[in-house]
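Got some structures for you, see below.
Consider the two complexes below, in which chain A is the common component and chain B and chain C are the respective partners.
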Partner chain A sequence: MKELKASMAGTVLNVLVVEGEAVSAGQAVLTIESMKMEIPVEAEIGGTVEKIHVEVGGFVNEEETLMTLGE
Partner chain B sequence: MTKTSETTGYNERLEQKLATIFAGGHPKYHEKMKESNKLFVRDRLKLLFDDENYAEDGRFANVEAGDLPADGVVTAIGKVNGQTVCVMANDSTVKAGSWGSRTVEKIIRIQETAEKMQVPMLYLVDSAGARITDQLDMFPNRRGAGRIFHNQVRMSGMVPQICLLFGPSAAGGAYIPAFCDIVIMVEGNASMYLGSPRMAEKVIGEKVTLEEMGGARMHCTVSGVGDVLVSTEEEAIEEARRYLAFFPANFAIKPEKLEAKAAKAGRTLEAIIPENQNAPFDMYELIDQLVDEGSFFDIKKLFAGELITGLARIDGQAVGILANQPKVKGGVLFGDSADKGAKFINLCDAFSIPLLFLADVPGFMIGTKVERAGIIRHGAKFIAAMSSATVPKISVIVRKAYGAGLYAMAGPAFEPDVCIALPTAQIAVMGPEAAVNAVYSNKIEAIEDPKERLKYVQEKHQEYKEEIDIYKLASELIIDEIVAPYQLRDVLSQRLSIYETKDLPLPYRKHGVYPV
Partner chain C sequence: MNKILIANRGEIARRIIRTCDRLGIETVAIHSEADGDLPYASEATEAILIGPNPVAQSYLQVDKIIEAALATGADAIHPGYGLLSENAEFARKTEQAGLIFIGPSADIMEKMGDKIESRRTMIQAGVPVVPGTEEGVHELEEALAKAEAIGYPVMLKASAGGGGIGMVRCDNEQALSQQFVSVKNRAKAYFGDDVVFLEKFIANARHIEVQIFGDKHGNIVHLFERNCSVQRRNQKVIEESPSPHLPQDARLRLCEAALQAARAVGYTNAGTVEFIVDEKNEFYFLEMNTRLQVEHPVTEQVTGYDLVEWQIDVANGKELPPQDSIQSHGHAIEFRIYAEDPKTFFPSPGKLESIMWGQDARIESGYEQGNAVTPFYDPMISKVIITGSDRIDAIRKSQNFFNHATITGVKTNIPLFKEFVESQEFVNGDYATSVLPKWLEKTKEEQGL
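The block that comes next holds the complex of A and B.
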């Protein structure tokens, strides 16, 4: 199990996957907007999206868990 | 001379002593090293030097003790890439590479040799630290361990100093890597810490693993004390040799120009750089298109990835590159990236390596978290280092350069030798969206009809974009040149050649009082 965390504080611009979806390592799964920039969040490992913890438009803090990936 | 029985006896004694010294510590410690995928110190030196024809000083240190061959450290002078270097290398088969009085004296002497000869100094560290039983002889005195660090500081910027960390570098010994220009760490074996996990548990009640406390990966990703993370000792030595090839023997000599190579085949810069200023792209792909293939040497790759710092060659000419990475944290500068940039600039400036800034920066991070962590003084450190650098400075505005980000990336006010813009460049205090919000927020909020409001905002964006149009800035002589992306590599090569003879006098003073 792997938790994807926000690298910096910002707003969730989009979520590119759905729960239950299979993802590969390096695949962009979500975008955070911070300092007007689009910050891609990539899956660090290949696996299945177990849980998405955030919603589009929601604010996230640095190090906040965005998504949980299962093996 | 023919051997007499007497000289034969002398020789036998010498050979016996040498055999003991070359064997290092007890065989069980050699076994232990093998189990940890570690090489014996003399095998490390064989890999490091061009050949085995190197000189060794103080080989007989503590020879009378019997079980302390070379007193746990080999100090040698040999060639790397044809260039003379001085080396100290701990032997961890001898009392875990700990420092006795002769160990320290040998290290001090090889440093003095490197300074006298004005050649690079390499530290191959694998040591448990001070021999507590010998502390009065090696710790507090004038030629005690402190002198090693004093010498490192004195030699900093005079000759390159490189640390290869193969094992522990504990307590005071951890300052050897800290004072080096670069620290290469072997994952799994290398570690640095002031207090061991055992000590931390006893003294402050903290329970952590060695890796958490001071492992190679932690230092190369979190603390930033480590610069290059490798998986084997062979790789560490290869990286050290590759790194050294960029450097002259000392500050008074300029780096050597090597044979030019073409850039890696790949997408054009036009294809790599998105038009949307806020969209991410991979700056490494752009760098690949500018530098000679295979020449890029990444420094602190795993630390503060929003700023890339690395050595490379363009048409064979050495150059130090600082580039914002839009793919990581949007390329926004943080305290760690500012520290990373400052150290890298100091390194290149000390050894006459020209600096190339590739700017695509939204500015420095804002918010309470970074303010409390002192982002202002960290940013000031970066700007001070860049401002003080007297090597050729080439500033390329790739896309946006907003706020103090423009300053940190050698913007026009900081005497770059040339400030080049790509047609995608945008220089401003802030981006159009933020600027229009800042100036017109009251007016925007007062417009009730959403369509009217959107129209008003779009008009203001357009006005702002026209105000900061790159051709307007060129017309005002703010930037020196606008270059088509496909011509950038050639232009950079030409500029590096032009500025080869740059010689800027330093201001008359002792030294600046820089932010730290």
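The block that comes next holds the complex of A and C.
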């Protein structure tokens, strides 16, 4: 299990995957908008998206868990 | 005009307050929840909480802002730059509410806000434009055919775009095919309009713009040019006036073309005509910004005028001074200090633990030590404007300034400026819009060796 965390505070612009989807390492899984810039968030490891903790339009703080990735 | 509501935040709100204070005009600041602690909110005569943090719920609330102006007894609204400054509906509603909008008319904004429409207007007025499509391009096949006729590389742009968003360079058919749908989608998402068009990509281009002003008596003047070619992510970070490596005859032709562009639309108040200038000093109209620009202090430093005061005067019906009385002296350079990683340019919100500036600079800052730079707004912390007797003097002062400037608490681009102002590329002044990314690439390689 691996928790994918936000590297900076911002608003979730879009979520590019759904729970249960298989992702590969380096794949963009969601986009955060901070200070008028879109920042893609990539999966650090390959695996399955177990849980998405955020919603589009929601605000996330730095270090907040965005997704849980399983093996 | 006795009281002005400033429909903006941060450094530009503060900048407007300063001129109003000097002229004995009261000010009303509006702020979101996060911005209540910023200096501009306490420096205004009064401050009003306008809404929650996202701009859509606060600084873009047209009706709420106009209501606030009426409730506080303001007789005018200054929109600053960004946010609602180029929103024709806001300007129109402000006037309909019986208030003065400090800026051009809603009709001019509409005409110049649409890039395809403004291109057409300029072609008719005889102002040179970048070769490209005169109409919006809707289908990929059409885009490919048009691109073939223009010749690659081409720039694919959103008609409603701005600020570097919604434009991409396509070197060949494959690239255009790949980007077409994505640029359309981004244009729709950002600007609510998915119309795109194509322009020829000009190699080694410089971005040079001309400050213009129009009054309500039909007078239009220019206040010379600014070179804004030092950019990252297609956004300006350094601007200077006069432009280096621009011969005097080219400079005069450029300013004359800007006047021609402004006359074509009967321009009033402050505006900027942006041009792309190629290696042979041939220039092409790019767009017109119908507002005060971020980099207006560069022009203020070399001409000695207060452009916010001019905006207020023009809105009050005063006449502009004659063109031949406007002179440019010395050299000014502006550096935009951003809360961002100096290498990746990723934003870095946080609390400004300490701010230390160098000597000999005009500082326009939205924040003071202890304030937080929040993720909701633009990452610009401050502008540093350095003025010298000539370019060499201004560069020497800039080098000295950045040797003594530090900000802690957030990452900033100060370390980047410190090195860049020493670089051959910048000091030579013979640079194009690709200068900063190229220099960074080169520096990385050298450090890697």
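The definition used in the following text is that the second predicted complex is superposed on the first by the 71 of 71 C-alpha atoms of A that agree within 3 Å, B and C clash if a C-alpha of one lies under 4 Å from a C-alpha of the other, contacts with A are read in each partner's own complex, and residues count from 1 in each chain.
Everything that follows uses one rule, which is that a residue touches a chain if its C-beta (ideal position, glycine included) is under 8 Å from a C-beta of that chain, and two chains touch if they have at least 3 such contacts.
Source: prediction; values computed, not measured.
When both complexes are superposed on chain A, chain B and chain C clash. With both structures placed on the common chain, the touch criterion links A:Q27 to neither chain B nor chain C. When the shared chain is aligned, no partner comes close enough to touch A:T68: not chain B, not chain C. Contacts of A:T11 after superposition on the shared chain: chain C is touched, whereas chain B is not.
Look at A:T48: by the touch rule set out above, it reaches neither chain B nor chain C. Of the two partner chains placed by superposition, chain B and chain C are both touched by A:M35.
Overlaid on A, the two complexes show chain B and chain C touching the same residues of chain A, namely 7-9, 34-37, 39.
Interface residues of chain C, counted against chain A in their complex, comprise 54, 163, 233, 339-340, 346-349, 374-379.
Residues 7-9, 33-40, 62 of chain A are the ones touching chain B in the complex.
Put simply, chain B touches chain A in their complex at residues 278-280, 326-332, 362-363, 365-367, 369, 431, 433-434. Across the complex, chain C is touched by residues 7-11, 34-37, 39 of chain A.
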